[in-house]
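The following pair of complexes shares a single chain, chain A, combined with chain B in the former and chain C in the latter.
Up next is the complex of A and B:
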C-alpha cells in the first residue's frame, strides 16, 4: 500500500507492521467485517418480518394457518439453532436444484442416485459457468435465508407474547367503538405491542449479533475464516513470515464483538426509554413523573 | 449387518470403544441412529459438568457483583461482560489458541512439572470454556434474582435475629434460587444446545470421537441428504430438552414446596434471556 512496502524483507519494526497490516489479504479481512455487518443489516429486518408473519399466523382463526404458525414458532425451542444453520442451506439448495431439474432438464433419471444428488448441468445453482463472485453471493444468500428463518422463529415467539401482553381492556374498548378485528389489530394491537416486545427483541438482537461467526460454518469467507488464514504460521516462503498469530487475530475479533454489544446495549437502552414514553407501564409512569418534577 | 451388531459396534464409538472405522458406504437408518446417539454422550457430558461447576462459580460471581467492595465487584462485572458480550464460538477459538501456546513439555510450578497437553483436548478445554460461559450468564440471572429478594423477607430475617452467613443461607439464598430458577432453566437448555458447537469450532475431534452433530454432519457430508441425519439429531435434542425441563421442574417444585400453588410449571421461553 505504502511506497516503502516494495521490499518487505528489508523492513523493521513499525514500518514492517504498517506494511503487513495493509496487504491485499488483510484488506479482504477488513472487508469481511463489512460482510458481517451486511448480514446483520439484511437478516434483522427479514427475521422481524418473518417473525411478524409467524406471530400473526399463530393468532389466525384459520386452523391450518394457525398450526403452521405454532409449528414454526415452536421448532426452535427444543433443537439447537446450529442444526438449523447446517440444515437450512443444504435443504434449500437441494430444493431449488430439484425444482429447476423438474423444469429445465429432460432426463427421467432420479435426482437421488445412491449417495449422490445429481441434477443436469442446466439446473445447477449457480451455473458452473458463472464467475466466482456469483458462487460467493449465492452462499451468502443461503446463509441470510437460514439466519432469517431461525431468527424469524425466535422473533415470532417474542411478538406472539407481546401481542398477548397488550391489555385486553384496550382491545375491548376498540371493539366497543365498532372496529372490526382487522382495524383493532392495525390501530390498537400492533402500535401498542412494541413496548412489550422490545426487551425480547433486544435480547434477540444480541443473540443474532453473537450468532454471526457461525457464518464460517456455512462456508462464507467471514472474519473467522480470515483470522484463521492470516493468523496461521507463515514460513519464510511468504513475504511477511511470522509465527502462529491466530490468538491475536481472535483477540481482535473478540474486541470487535465486545464493542458491538456495548454499542447495542447503549442504543437499546435509549430506544426502550423512548418507547415507554406515554405507556401505561411502570417505566412509562417513571418517565411521566420525571418530566413533571 | 444387523442392527444389534451395529449397536455393539458403534454405541460407544464416541468414547473410542468398538469398531475403529466409521461406516463408509451403505448407510442405514440404524447406523445413523446409533452413531448420532453415541455422540450425544459428549453433549450430556459437557452440559452436565459445565452446569455443575458453573452453578457454584455463578453463585460466587453473583455475590461478588452485588458486593459493595469495588475490588470484588469490578472484576466480576468485567468477567460477566466479557463472556456475555462475545460469541461462544469465538471464545472456543480463542481458548484453544491460547491453550495451544502453553509449553508442550509442561509448566514448572514449585519444582513440579504440570502437564498441559490435556488442556487442548476437547473434554477439558471446551469444558472450561463452557463452564466459564454458563457461569457468566447464570451469574447475571442470579444477580438479578438477588436484587429482587423482597425487602420484607430481609426485615423478617433481621427481626429473627439472623445475620451474616445465617441470614444469607436461610433467607436470601433460597429466595434468590426460587426467583432465578425459571430463567436458570432456560439457561441450562441453552447451554445444552450450545454443546453442539464444541467440535465445530477449534477443538479437533480426536480419532473421530465427536458429539452427535459431528456424526450427523459426517453422514450428511457422505450422503448429501440432510433430511435424515439432522432430524435424527434434532429428535435426540428434543428428548434431551424434555428431560432437562422435567429435572429442573422437579427442583423448582422442591424450591417452592412451602408455597401452595406457587410451584407452577416452568414455561420454557427460549429467548427472553440471552
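Up next is the complex of A and C:
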C-alpha cells in the first residue's frame, strides 16, 4: 500500500501497523463487510416474500396448497441450519448442472458414478474456466437461495401467527360491509397483521444478521472467517508475524454487529410506531391518546 | 434475486464450449506451511508451489479454490472442483469416498505438543482438528478429545489451558514450537497414523489421477520434490528415498 511497506521486518510501531492493516488480506477483510451487507440486502426481502407466500399457502382453503405450506414451514424449521447449508446449495447446484447436462452434453456416461457427480465440462456451472469472481457470485447466489428458504420458513410461521392474531371483530365488520374473502384479506387482514408480525420478524432479522458465518460452508468468505483467519497466530513464515490476535479482530466485529443492531433497533422502532397508528392494539390506543392530548 | 437469476441464466446461455482442460484445485488455506493465505490474499505454501509445478508438468491449467475443511470432500465429489490438495492424508475411511494420487509427502509423523513435559497424553485432555486422522487416534486412546474446526484453534486451546496437549501433523507444529521460545514442548515420540499425504480426486476421474501420478513420479525421480520439501519443511523433515 505505502512505499515504506516494502520490507515489513524493518518496520516498527505505527508504521508497522499501518502497513499491516493495509495488506491484501486485510483489504479482502474490509470488502467482506460489503459482502455481508449485500447478502442481507438481497436475502431479507426474498425471505420475507417466501414467508408471505408460505403463510398464505398455510391459510389456503385449497388442501394440497395448505399441505405444501405446512410441510415447508415445519420441515425447514426442523432441520438444523448447518445441515441445510451443506445440503441445499449442493443439491441445487447439482440440479442446475444435471439440467444443463441434458442439453449441452452428448456423452452417454451416467451423471452419477458411485459417489461422484459428473457432468461434462460444458455443463459445469460456472465453467471451470470462468474467472474467480463468477464463482464467487454464483456462491452468493446459492447462499441467497439457501438463506431465503430457511428464513422464509421462519417468517412464514411468524406471518401465519400474525394473520391469526388480527381481531376477529375487524374481519367480521368487513364481511358485514359485504366484502369478499379476497377483499377482506387485502384491505383488512394484511394491513393489520404487520403490527403483530413485527416483533417476530425483527427477531428473525437479528438472527439473520448473525448467521453469515454459515457462508463459508459455501466458499463465500464473510467477516467472521476473515477475523479468524487474520487473527490466528502467524508464525515467522508470514511477512507480519504476530501471536493470537483473534480477540482484537472479534472485538472489531462485535462493534460492527452492535452498530448494526443499534441501527436496526432505531429503524424498527419507527416502523412499529407507523404500523401501530390507527390499530386496535394498546400501542395504537396510546398513539391515539397522545395525539388527542 | 431477479438480477442474480438473470446473471446466472445469462452465464448459462453464453458459456463457451470445448475449452482446454482447466483443473480447479480445492484447498483449506488455513494450514501453514502446507497451504495458507499470504498477505496479498492468495493461496500460498508448499502445496501451492507443488500443485503449480505438477500442473505445468501435466500441461494443465490450474486455478485454486478455497473451501472450508468440513465441506471439502462433499464439494469434490459434487464436482465444484476437481482435486484437493489440503494436507489430506490417505486413510481407509476417505478412500471409500474418494481416490488418492500417489503420495507427495511420505507418511506423516504426528506429534503431541504441550506446555510442560509431564503432561499425560494418554489420559488427559487432547485437542485435535475435527475430521482428521489425529482426532480419530485420540478418540481411540483413553484421553478426552476436544475437537476444533481449524488447526489454529487447537494450539490456542493448549496455550489457554483448555486442553493439556494437542495432537497434529508434526510439520504444522514445528514452526509454532520453534517460535514459542520454549513455551511449547514436544511430548513423547512421533507417531505414524497414515499412508502419506496425496492429492484427493474423484473415484471416477481416472485420467486426472494418471496425470498427477506421472507428474509426482517425475518430480520424485529428479529430486525436485525433495527440494520442495526441504524448502518448506526444513532439512530434517522426511524426504522420499
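Keep this in mind: the second predicted complex is superposed on the first by the 274 of 293 C-alpha atoms of A that agree within 3 Å, B and C clash if a C-alpha of one lies under 4 Å from a C-alpha of the other, contacts with A are read in each partner's own complex, and residues count from 1 in each chain.
Keep this in mind: a contact is a pair of C-beta atoms (placed from the backbone, for glycine too) under 8 Å apart; a residue touches a chain by one contact, two chains touch by 3 or more.
As the structure is a computational prediction, the values presented were derived from the model and not from experiment.
Colleague: Under the superposition described at the top, does placing chain B and chain C together on chain A give a clash or a fit?
Modeller: Once both complexes are aligned on chain A, chain B and chain C clash.
Colleague: Please indicate which partner A:37 is in contact with in the superposed arrangement: first for chain B, second for chain C, both, or neither.
Modeller: Neither: A:37 stays clear of chain B and chain C.
Colleague: Quick one: classify A:115 as touching chain B (first), chain C (second), both or neither.
Modeller: both
Colleague: Considering only touches as defined above, state whether A:286 meets chain B (first), chain C (second), both or neither.
Modeller: Touch status of A:286: no partner.
Colleague: One more residue to check, A:90. First (chain B), second (chain C), both or neither?
Modeller: Both partners.
Colleague: By the touch definition at the top of the document, which applies to A:214: first (chain B), second (chain C), both, or neither?
Modeller: So A:214 only meets chain B here.
Colleague: Looking at the overlay, does A:104 come into contact with chain B only (first), chain C only (second), both, or neither?
Modeller: Second partner only, chain C.
Colleague: Classify the contacts of A:277 with the two partner chains as first (chain B alone), second (chain C alone), both, or neither.
Modeller: After superposing on A, A:277 lies clear of both chain B and chain C.
Colleague: Applying the document's definition of touch, where does A:134 land relative to chain B and chain C: first, second, both, or neither?
Modeller: After superposing on A, A:134 lies in contact with chain C but is clear of chain B.
Colleague: Which chain A residues lie in the overlap of the chain B contact set and the chain C contact set?
Modeller: In the superposed arrangement, which is not itself an observed complex, chain A uses residues 86, 90, 94, 115-117, 216-217, 244, 246 for both chain B and chain C.
Colleague: Which residues of chain A touch chain B once you look at their complex with the stated criterion?
Modeller: Contact set of chain A toward chain B: 76-83, 86-87, 90-91, 94, 112, 115-117, 154, 157-158, 161, 199-200, 203-204, 206-207, 209-214, 216-217, 224, 227, 231, 244, 246-247, 250-251, 253-254, 257-258, 261-262.
Colleague: List the residues on chain A that touch chain C in their complex, please.
Modeller: So the residues of chain A touching chain C come out as 23-25, 27-28, 42, 45-46, 86, 90, 93-94, 96-97, 100, 104, 113-119, 121-122, 124-130, 132, 134-135, 137-138, 140-141, 144, 148, 216-217, 219, 221, 228-229, 232-233, 235-241, 244, 246.
Colleague: Per the contact definition, I'd like the list of chain B residues that touch chain A in the complex.
Modeller: 25, 27, 81-82, 84-91, 93-94, 97-98, 100-101, 193-194, 196-197, 200, 213, 216-217, 220, 222-227, 230, 233-234, 237-238, 241-242, 268-274
Colleague: Show me the residue ranges of chain C that touch chain A in the complex, using the header's touch definition.
Modeller: Answer in residue numbers: 1, 4-5, 7-8, 11-12, 15-24, 29-30, 32-33, 36-42, 61, 63, 65-68, 70-71, 74-75, 77-80, 82, 97-98, 150, 152-153, 155-156, 159, 175-176, 178-179, 202-205.
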